[in-house]
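Written below as structure tokens is the structure these notes are about.
By written order: A, B, C, D, E, F and G. Residues from 1 in each chain.
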Amino acid sequence: MFRNTYDSDNTVFSPQGRLHQVEYALEAVKQGSAAVGLRSKTHSILLALKRSTGELASYQQKMFRIDDHVGIAIAGLTSDARVLSNFMRQQAMSSKMAFNRPVPVNRLVSAIADKAQVNTQEYGRRPYGVGFLVIGRDQSGPHLYEFSPSGNSYEYYAMSIGARSQSAKTYLEKHYESFADCSLEDLIKHGLHALRETLQQDKDLNVNNTSIGIVGAPSAHEKTTNVSFRILEGETIQPFLDTMVPKDAPAAAPAPPASADEDVQMAE
Amino acid sequence: MFRNTYDSDNTVFSPQGRLHQVEYALEAVKQGSAAVGLRSKTHSILLALKRSTGELASYQQKMFRIDDHVGIAIAGLTSDARVLSNFMRQQAMSSKMAFNRPVPVNRLVSAIADKAQVNTQEYGRRPYGVGFLVIGRDQSGPHLYEFSPSGNSYEYYAMSIGARSQSAKTYLEKHYESFADCSLEDLIKHGLHALRETLQQDKDLNVNNTSIGIVGAPSAHEKTTNVSFRILEGETIQPFLDTMVPKDAPAAAPAPPASADEDVQMAE
Amino acid sequence: MFRNTYDSDNTVFSPQGRLHQVEYALEAVKQGSAAVGLRSKTHSILLALKRSTGELASYQQKMFRIDDHVGIAIAGLTSDARVLSNFMRQQAMSSKMAFNRPVPVNRLVSAIADKAQVNTQEYGRRPYGVGFLVIGRDQSGPHLYEFSPSGNSYEYYAMSIGARSQSAKTYLEKHYESFADCSLEDLIKHGLHALRETLQQDKDLNVNNTSIGIVGAPSAHEKTTNVSFRILEGETIQPFLDTMVPKDAPAAAPAPPASADEDVQMAE
Amino acid sequence: MFRNTYDSDNTVFSPQGRLHQVEYALEAVKQGSAAVGLRSKTHSILLALKRSTGELASYQQKMFRIDDHVGIAIAGLTSDARVLSNFMRQQAMSSKMAFNRPVPVNRLVSAIADKAQVNTQEYGRRPYGVGFLVIGRDQSGPHLYEFSPSGNSYEYYAMSIGARSQSAKTYLEKHYESFADCSLEDLIKHGLHALRETLQQDKDLNVNNTSIGIVGAPSAHEKTTNVSFRILEGETIQPFLDTMVPKDAPAAAPAPPASADEDVQMAE
Amino acid sequence: MFRNTYDSDNTVFSPQGRLHQVEYALEAVKQGSAAVGLRSKTHSILLALKRSTGELASYQQKMFRIDDHVGIAIAGLTSDARVLSNFMRQQAMSSKMAFNRPVPVNRLVSAIADKAQVNTQEYGRRPYGVGFLVIGRDQSGPHLYEFSPSGNSYEYYAMSIGARSQSAKTYLEKHYESFADCSLEDLIKHGLHALRETLQQDKDLNVNNTSIGIVGAPSAHEKTTNVSFRILEGETIQPFLDTMVPKDAPAAAPAPPASADEDVQMAE
Amino acid sequence: MFRNTYDSDNTVFSPQGRLHQVEYALEAVKQGSAAVGLRSKTHSILLALKRSTGELASYQQKMFRIDDHVGIAIAGLTSDARVLSNFMRQQAMSSKMAFNRPVPVNRLVSAIADKAQVNTQEYGRRPYGVGFLVIGRDQSGPHLYEFSPSGNSYEYYAMSIGARSQSAKTYLEKHYESFADCSLEDLIKHGLHALRETLQQDKDLNVNNTSIGIVGAPSAHEKTTNVSFRILEGETIQPFLDTMVPKDAPAAAPAPPASADEDVQMAE
Amino acid sequence: MFRNTYDSDNTVFSPQGRLHQVEYALEAVKQGSAAVGLRSKTHSILLALKRSTGELASYQQKMFRIDDHVGIAIAGLTSDARVLSNFMRQQAMSSKMAFNRPVPVNRLVSAIADKAQVNTQEYGRRPYGVGFLVIGRDQSGPHLYEFSPSGNSYEYYAMSIGARSQSAKTYLEKHYESFADCSLEDLIKHGLHALRETLQQDKDLNVNNTSIGIVGAPSAHEKTTNVSFRILEGETIQPFLDTMVPKDAPAAAPAPPASADEDVQMAE
């Protein structure tokens, strides 16, 4: 009932040693539409459900380019995501200017984790209400990190965040041992299957609601020689969707776009 | 009951991961009189119900010019709108001086979104209580953005904000696919129909309560060669009103001006 | 009951998107004695009930000169009025020194509106508890503005603020269409009738309780060639009072001075 | 019950548009022993009940000299009075050094009123708990001002502040029309009668409990040619007391000193 | 119950215009062991009950030297006293260095009174919890002041502070008229009688529990030619004790030291 | 219920002289998975249960290298651990640059203890929610310290922190007298037995869930000549696991990885 | 229940003029294990019960060296003690560098008392939760001071702080008159007897739980010529323990170490 009860003040521990505000911020992440990330020996990829806020908007970005070699997918408050991703871009740019080479991915991830930790400890600010999957490629190869509002970041073989991400995680845990040696095409196929698990029963992935982020050598389906971070959307992802095993039952009918109530726009 | 409950402190998450103060600020936007925006391949336009605070005032501005190529329509607290629009003008001016060309529209929108995000995160300030529809024209063509107090901004084909804007949105969603190739005259006609949906049953649009903002080549009804942002009001909008399909039932009787209780003047 | 409920903290929105503290500050304005402003094509005038705090004070100022071309009438907390009017004088003076011409009236009004908006958004200060009617004359002719503690300001043909100002507004709305072409004498006559509407039943205007502020060419009743802002008080206003239509019923008896309990002196 | 209710936080308006803390500060003034001020065309005078905190103190100052031409009488918290009167002295001194002439009285009064207004608006300080009667003489003649914790200041013909000052005001209102042309002796006589009205039934004024402050040419009873502010106390005021009309009933018996519980020493 | 009720926040007035926190600080003074001060035409003296915190401590200071010509006796929080007395010493020293003569006593007293007033008005500090009797000698002769946490200071002929000081005051009021012309010996005798009034029934003054502070020419009982502030303790005060009239009843038996529970050590 | 009760504000003592917030922070440490530290005359070692947050993450670090001669194991909030360990690294680096030799271990430990103490005393920050076991080697030999959020740090022969660390401590207390003269192999064997005590009944240590940190000369099982701090993981620890006495009952079956719910990730 | 009640806010007086937070901080001191201090004409000594936090720690310091001529024993929060003792060391060092001689002991004690007083008066920090016995030797001979969190410090012949220190004080009060002329051996013997009074019934002093701090010429039992502050522990104190009179009843059995629950480690 009061702010200053344990559960509404991020600078106070509960008797159980918990920081409730941080946990509630993690709830904001869980309300965002789902994103999935996977890593092979050669590629890191992101797959996300594009946010549809009605038909009037061209589209809502779920993935953002940070630098040539780094990209993110978000779940949670988009205004917080913009602030943090701008911060990542500045870090990437100053690192490049100072050292004349791309910033290592883990340094970028640590920088926002440090920034987020401060908001869990000091009075006068709330924690950030957004989570990221970060993919990138540096001298030590392809990477996949999760950043969370608690100020934590971990490296993963595969991970999912956002609404119903637990279903995607279950899929990923069943198959992750094969990811390391997957071709890009197979990695994307796995990612699409995992992402489909986060959909409601009567929905399916299609060229309108799905976007794919990639770092690493291009697929045969891509008309590019680009190895930098790139986002595939619209018709360009049809070849990848075609590789999927159809949903068990009535998946033949064309699926409507994903429900608009998933990402967190705070009542807009 | 207490400020520091989740719903009265913008720096605190509710257990559901929500920021109630931001949601309440969005309510302030919903209490402003409606505005509508549309975009074709060549034009972006705004249409708004002029605020009448009684007969004694000449008129209350609902649209503001930011720069030659950018204009806004507001819904919500007008004093907050003044502060934010002044900030946009300064951004536009310094960008022009620094780069010797007009600021890209999306950069202007990002600037106020960043400014608004800070007020949703830090202690000591409330969120802004105003929303904008922003139209503009830059090297990438005409644009339409919505800015909201949550710190979010999105690009749209067509959008409506303010009181009863849902009715306008319903109209826009039904017709938006044709907007891209509309002439300016047809685009305005669509906009007027959408705006009329926000009126109460017994009211209609007229030269006193309607204003139109345009960027792009002038219509035949306009006596100008100006392609910059301009606001049409009074008799100059009669030709556009004449193109409308009359309201179904008793629309023959002349409509009184819009009710004065719509925009948010805080009890004045 | 608590400050931090919606209605006692100016930096918090209520669930309805309202700022209660700002609304309560507007109440302070409504407790001040009434003032009326009118504008013709050639003149702007103010009329106010002088505050009588008993017989011992010579008089309490309700009108203040800001610059040669600008004056104000106040309703609400007089100490707040002093602070804001000093701020206007400084703005007027520095503008004159910087640009070598009088400050445009709307710029002066915007300056205090911006100052007032800050107090509705940031923590640590209450809103101002005073409203102004501002008249002035600049290159674009005579003007009449209302400034309110909410940070809003609007231009009017005619307006009234303070206690029972609604009765004056009703009068003004009935006649405002004729104001534009009124002579100064007729404009003042209209203003006096409007001001009289704010009096209690058994009171009337007289040379002791009424003051008149004018910008524009002098009336035949004035012994001046001054076109700057000036305040008429005492016997000099008798000729104008003589033009009024007597109050309907027992208006023959000389009226006592206005009740002392009207302006807001906070219990002094 | 809570500080942050309307009545305990000076930075919050009540729903009626009132600032309760300021009103409570005015209560502190009402608890101080009474002071009376009067003004003729040639003189301004102060009369005050000296505070007796028991027999052990030589006397408690109720009047203070600010500059040669200005003096004050206080009612309320004496420690606040010391701070504000020191501030007035500094203002008077720097004005004299800057302009080489005594500071106009109204400028001094405005300076402390501005200082007091800040404490009614900003968070972190209480209002001052003291009121002043200020007399002075400058190029525009003799003056009498009242300063109050609300940040207001007014010029008066005659005024009274402090405990039971309403009784003094009633006397002053009955006679103030004659004050302008009074001799100093008659002005003091009026002041003493007014001050006596603030005493309890069984008390009377005497050389021990009364002090008189004067600016203007000396009385025949004074052994001075001084026209500056001066304070008369003890036997020097007997001639003035002798001019009074005796109290109606048992006023023959010598009156005891005024009750010690009147001024506000906060429980000392 | 709440801090922010009137009685626990020093920056808030109660509806009666009182500052409860200041009154509670005065309670802290009343819990200190008593001190008495007296002034003749030639001397100012202090007498105090020495604090005994058990037999293990050599003694607890109740009197402090500030400068050659100034000394104090304290009642209340000893840590606050140390801070304020250090402040007085610094003021005395810088005044001496700046003006090459001892600081006037009233200036020293004003300096701490100003410092204390700030703590009664601004948020973030409590009032000081200690009172002083200050004696000193300057060009205007011997002085006795009382300083209190409210920020007030008064000059007295004689005064007492601390536990049961009212009994001492009653004695002093009965005899103060004779103090002006007393010899130092008689002045000390009066002071000892007054101090004895503050003792519990079964206790008496003795060389262990009494200390005497003096400014002025030495007594015949003193082996010094010193006129500066000095403190007499132990056997040197026996001659003065011998001049006292024995306590009425069983005063013959040697009295035990004063109860240890009197001064305020906050539960040590 | 309120923050400002004793148990939710780290800057407030309870009537029993306790700081509840600090105690709750210690609870956060107890929720981390266990770590064990031991010291012989020649070596200091750490043993920790690696955190498994599902199979998808490569691994979660429980041990961190601070400098060549210092390493830590953590239990509690990992984001706080990152901040504090970065601080240790900076301290180590600047000490090395300033004095040209490695920082003494106890100086490093004091630095973070001081940093943590501030957060237990000042308003506006919570205590850190993480505990460390710190091992290191300097001129005075090998060391083992515990750092706790209370700002305390102690040197130990052997210690355990985190979930069910009491069981490990019981083991260590039974055997610690023999540690001083143990070979590295025996020391590790003792450490593994102690660590196993913190497991749930049906679990056992294996190459996946155990990591070992060492300072001192390498074991025969290590393929290194390194005496600096190093972390052994995976198959390299099998030889050490092979030295353990099997768990009493059904320890033959391969144990699953440690439960994922142990370390404190705040609901991720 | 609320922080801002009198008993949880150190900047607020209770109606009785008490500062409850300071009193609760004194409770933290009472929870520390006991320390005893004594002073003769030639020596000052400290005796303390060493804290045992289980067998795994080598030992917990209860005494700290500040400078060659000063040492302390602590009771209460050890992290606060570290901060304050570091502050004393810095004061001692800068004094030595500035004046080229050891700092007088009372100056060191005043410095931390001033530092502690600030924390009892200003908002935003709690009082320190630790008490010190300080011994030292300077030009005025040996000294013994007590420092308490209230900001007070007193000089004593003998004193005890911490758990059950009242029993030690009772012993000391019975014998303190003989301390001044004691030999070091006898002084230590008295101290050991006093310290033993603080033990529980079934415990006794031994070489493991007792430490002795000394300034002054060495005893015959010490193998040193050192007169600086030194701490005796372990077997070196056996000769002193041997001088004690055995405990009355079952003191023959060897006593276990002191209970570990005494000093305040905040739940570690």
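Just so we're on the same page, contacts are C-beta pairs under 8 Å (C-beta built on N, C-alpha and C of every residue); 3 or more make two chains touch, one makes a residue touch a chain.
A quick note: this is a predicted structure, and the numbers were derived from the prediction, not measured.
Although chain E and chain G carry the same sequence, what matters here is overlap: shared residue numbers make up under half of all numbers found at their interface. Measuring from the averaged C-alpha position of chain A to that of chain G gives a distance of 58 Å. For the pair chain B and chain E, the distance between C-alpha centroids works out to 72 Å.
Chain C has residues 1-4, 9-10, 26, 123-124 in contact with two or more other chains.
Chain contacts here close into one cycle, and each chain has exactly two touching partners. The cyclic arrangement of chains, read from chain B in the direction of chain C, is B, C, D, E, G, F, A.
The part of chain D that touches chain C in the complex is made up of residues 1-6, 9-19, 22-23, 26, 110, 113-114, 116-117, 120-124, 148, 150-152, 154-159, 169, 172-173, 176. By the touch criterion given at the top, residues 1-4, 7-10, 20-21, 24-31, 53-58, 60, 76-80, 82-83, 86, 119, 123-129, 264-268 of chain E touch chain G in their complex.
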